[in-house]
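In the two assemblies presented below, chain A is common to both, partnered first by chain B and then by chain C.
Now for the complex of A and B:
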């Protein structure tokens, strides 16, 4: 059985566990949906009061908001094993169990838990993105749709890279590092707004050093037809994959080092 | 000829751990978190371990806690890489060829579950089938046999977390054997089990070795496990091999001794000990003696104690217990031997 087929098997097993108590599950989803919707409600109120902010309409902001939330929600459904790695695998010694199985550790951790809870964030992000598309003129759908999917793929790669980096760092600290949440939850917060609202240094940091802008702001500018460098903006989501590749190399090195130092 | 699948060769294995010493409490403790300020201590876990295990044998690895048993097991399982030394299992280097190596071994940790806590046992087996790429027909036959011999049928559809420890260990054994590995590594497989469960597990392991020719390496603290299973015993202490001998040799020498604890109603008598008896430090109203039954029979020794008791102001003999040496005693004897002949 190849890796992808095995991952689907893991996901099925995980889903059967999560849906064993459907009542509790639905309540959790509802709670999650309510909290994330509050976030957009606040933006809505802001724009209702001022109309536009630095030339951005509420419909345009909805596009940024929707895109980054979809990206992060999809990452959370598959990346939970990495998010919880320090606490659930290293501290408990369960990581040894993964090493005893003849499969790549990354595949096993991706399959650790296929979570349904982030679907609330996904649904909300998709709804707000649709709202934004209805309110805002964008480039023809033939460009917009593939571009959107490409941006989402790059965004999932980016956020997954962050979670894998967080897990690799926890080999040093044993615990999951809360500080990395600055990049995950903080990244989602930052990506919800057009980047030109931020200071120049922050924008550059978030585009070149940590390619969050490359998977959210830049591709959306291309979709809106507002990018000064349309070609570069179209290619930008590739940076998410490059970031993921670097984090995977870091992960491999950390696992090797762990085998030498013991636990 | 290619190397046999389960031949284990271990040569001059060395491993030490770097352990962070506990930082002081308070602001000074925070400074200790800086990488350069972190005080480290090196602990040698293995100081040159060498042995070879032939396919189809059962070997017991014994030693006190912290002796290096677990480190050996972890290295052989491909989890840990040693500092120096050579290891091959069926021609593969465990840590360097991990993915291929672990596909050919089964490992059971008595204190750690390999199964999925929330999944029914059978679902976990099916997942393992896919992880180890076991062909469906082989899997069906293998699973059916394991379910029968380990008596799993009654709880196959129960989540692992609901199983009793005895049931769980049987399920763990099955899980480690679904892919028919030629080598099975067991780390304290009977720990915490009740007597019937221990017997069942031992019988299963013995049959597995006899019928399938599976090579078995086990660690244990239970001398009965060793007696029931091991053809050969490797004693590890202080990161070294203290003894490596057939079980029969161990039985004839170290294990043949008995310990007698005699309690008296008051101060015990002073005895001139006959040949083959040695006195252990004991307190109050008891007397502890180690003796060799080949040189003095237990009834004779008891008679001696009965006669001595009650004379010259000492108390009469009240009770007698005879035990076999525990694994810790056996090991401490090896230590003494090791210390006296360096």
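Now for the complex of A and C:
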């Protein structure tokens, strides 16, 4: 069985498990839909009061908001195994079982759970993105659509890299890894607005050191036709893949060093 | 009387001590909250600086909004995030039956545990945020981003009363979430509904005063305002006289209502509870 078929089988098992308690599941979906909806409602309220922010309209901000939420939602769907790695695999010793299987650990963790809950965020992000596209003139579809897909791919790679990095850090400590939330949830929070609202140090940190801006702000500037360096902005999402590659190397190194306590 | 309260105080003390052990978690929470605060402040500053007539467009000034953001970040642990995790485990394993065997009032027992847990998470985080936003930022020359002290001494006292009521309110919501967990067998559903409601309606996402004028009355009357927005208004000194009394009365009324709802639904839930195996 190839890796992808195996992952699909993992995903199917996990889907049937999540719908086992339908009451709780439906409440969860409703709640999640409401959370993301309210996130944008807050932005809408601010625009309602202030009109514009540094020349950006609410329709343009909707594009940034939609893009980063879609990226993060897709990552949460597949990356849950890494998000829970420290608590659910390392502390319990379940990781030893993964090491015994003749498959790449990354594949097994990606298959740990195919989560349905983030689909609410995905639906919301897509709806807000559609709203933004309806309100804002962008470059022709022939450029916008592939650029959008490319940006989403880079964004998923970036956020997955963050989760893998978090999981690899948990070989050192499993305490206070919530701090990585500043890059995941905090990244979504920051990516919802155009980066030129932020202080210079913040913008540079979140574009060059941590390529969030490269997978959200820069590609969207290209789609809006507002980028000062259109070529660089078009290529920027590649930084997400580079980040993922670095984090995968870090993960491999951490796994190689790992000595289980033997459970 | 003292004797009757002993088991509840013991539950409170045990939970408080357990929660206070998680120092690293408090530190991580503090860093996350600072990060969040900084992002939010930059966004608000951009909106305010862009407005032609900020005083005319917004009922709060920028420095008031900044202070509001810091209070909200400092009191984030006050939000009723989810049911008591230990009770969620007990529901899954069936060990919740032990709680039922105790010769105590279960509502008070759970309420004391919830209060202690919230307080144990709140105090270290709040102190760190106040130190960072109130002392470090102004000393670092970032006075525009800093938490300003309460408007006056009476306002500070009212803030303290209001935040304590917020604590009681939050605990009564957590007990309701415990009850939902007992009913649906999973803690995820209840918290998924309450968390977003609490975040937006408490003012955590956006100060309630910045919402459109038409919904202001509704926003101030709903229960979640007591978790953050009303205490913040006291701190900023924007509630006086009759409105201050109304705000405190609003909080007390919601605490009473949620307590009664919680006690009634707990009774009904326990009445038809089935525990499998043993």
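Quick note on the criterion: the second predicted complex is superposed on the first by the 255 of 263 C-alpha atoms of A that agree within 3 Å, B and C clash if a C-alpha of one lies under 4 Å from a C-alpha of the other, contacts with A are read in each partner's own complex, and residues count from 1 in each chain.
The rule we apply is simple: a residue touches a chain if its C-beta (ideal position, glycine included) is under 8 Å from a C-beta of that chain, and two chains touch if they have at least 3 such contacts.
In this text, all values refer to a predicted model and were calculated from it rather than measured experimentally.
Taken together through their common chain A, the two structures put chain B and chain C side by side without a clash. Angle at the C-alpha centre of chain A formed with the centres of chain B and chain C, after superposition on chain A: 90°, rounded to the nearest 10.
In the superposition on chain A, A:145 makes contact with neither chain B nor chain C. In the superposition on chain A, A:232 makes contact with neither chain B nor chain C.
Touch criterion met: A:16 reaches chain B, while chain C stays clear of it.
Partner contacting the larger number of chain A residues, of chain B and chain C: C. In the superposition on chain A, A:245 contacts neither chain B nor chain C. By the document's definition of touching, neither partner reaches A:130: not chain B, not chain C.
For the pair chain B and chain C, the model built by superposing on chain A gives 9 Å as the shortest CA-CA distance.
Comparing which residues of chain A touch chain B with which touch chain C, the overlap is empty.
If you check the complex, the residues on chain C that touch chain A are 24-25, 27-29, 31-32, 35-36, 38-39, 42-43, 46-48, 50-51, 57-58, 184-186, 188-197, 199-200, 205-206, 210-212. Those residues of chain B that touch chain A in the complex are listed here as 15, 17-18, 45, 71, 74, 77-81, 95, 98-100, 102-103, 107, 109, 112, 114, 116, 118-119, 123, 127, 130-133.
Of all residues in chain A, only 1, 5-6, 9-10, 13, 16-17, 20, 93-94, 96-97, 99-104, 259-262 touch chain B in the complex they form.
The residues of chain A lying in touch with chain C in their complex are 21, 23-32, 34-35, 38-39, 41-42, 45-46, 48-55, 117, 175-179, 181-182, 186, 189-190, 193, 197-199, 202.
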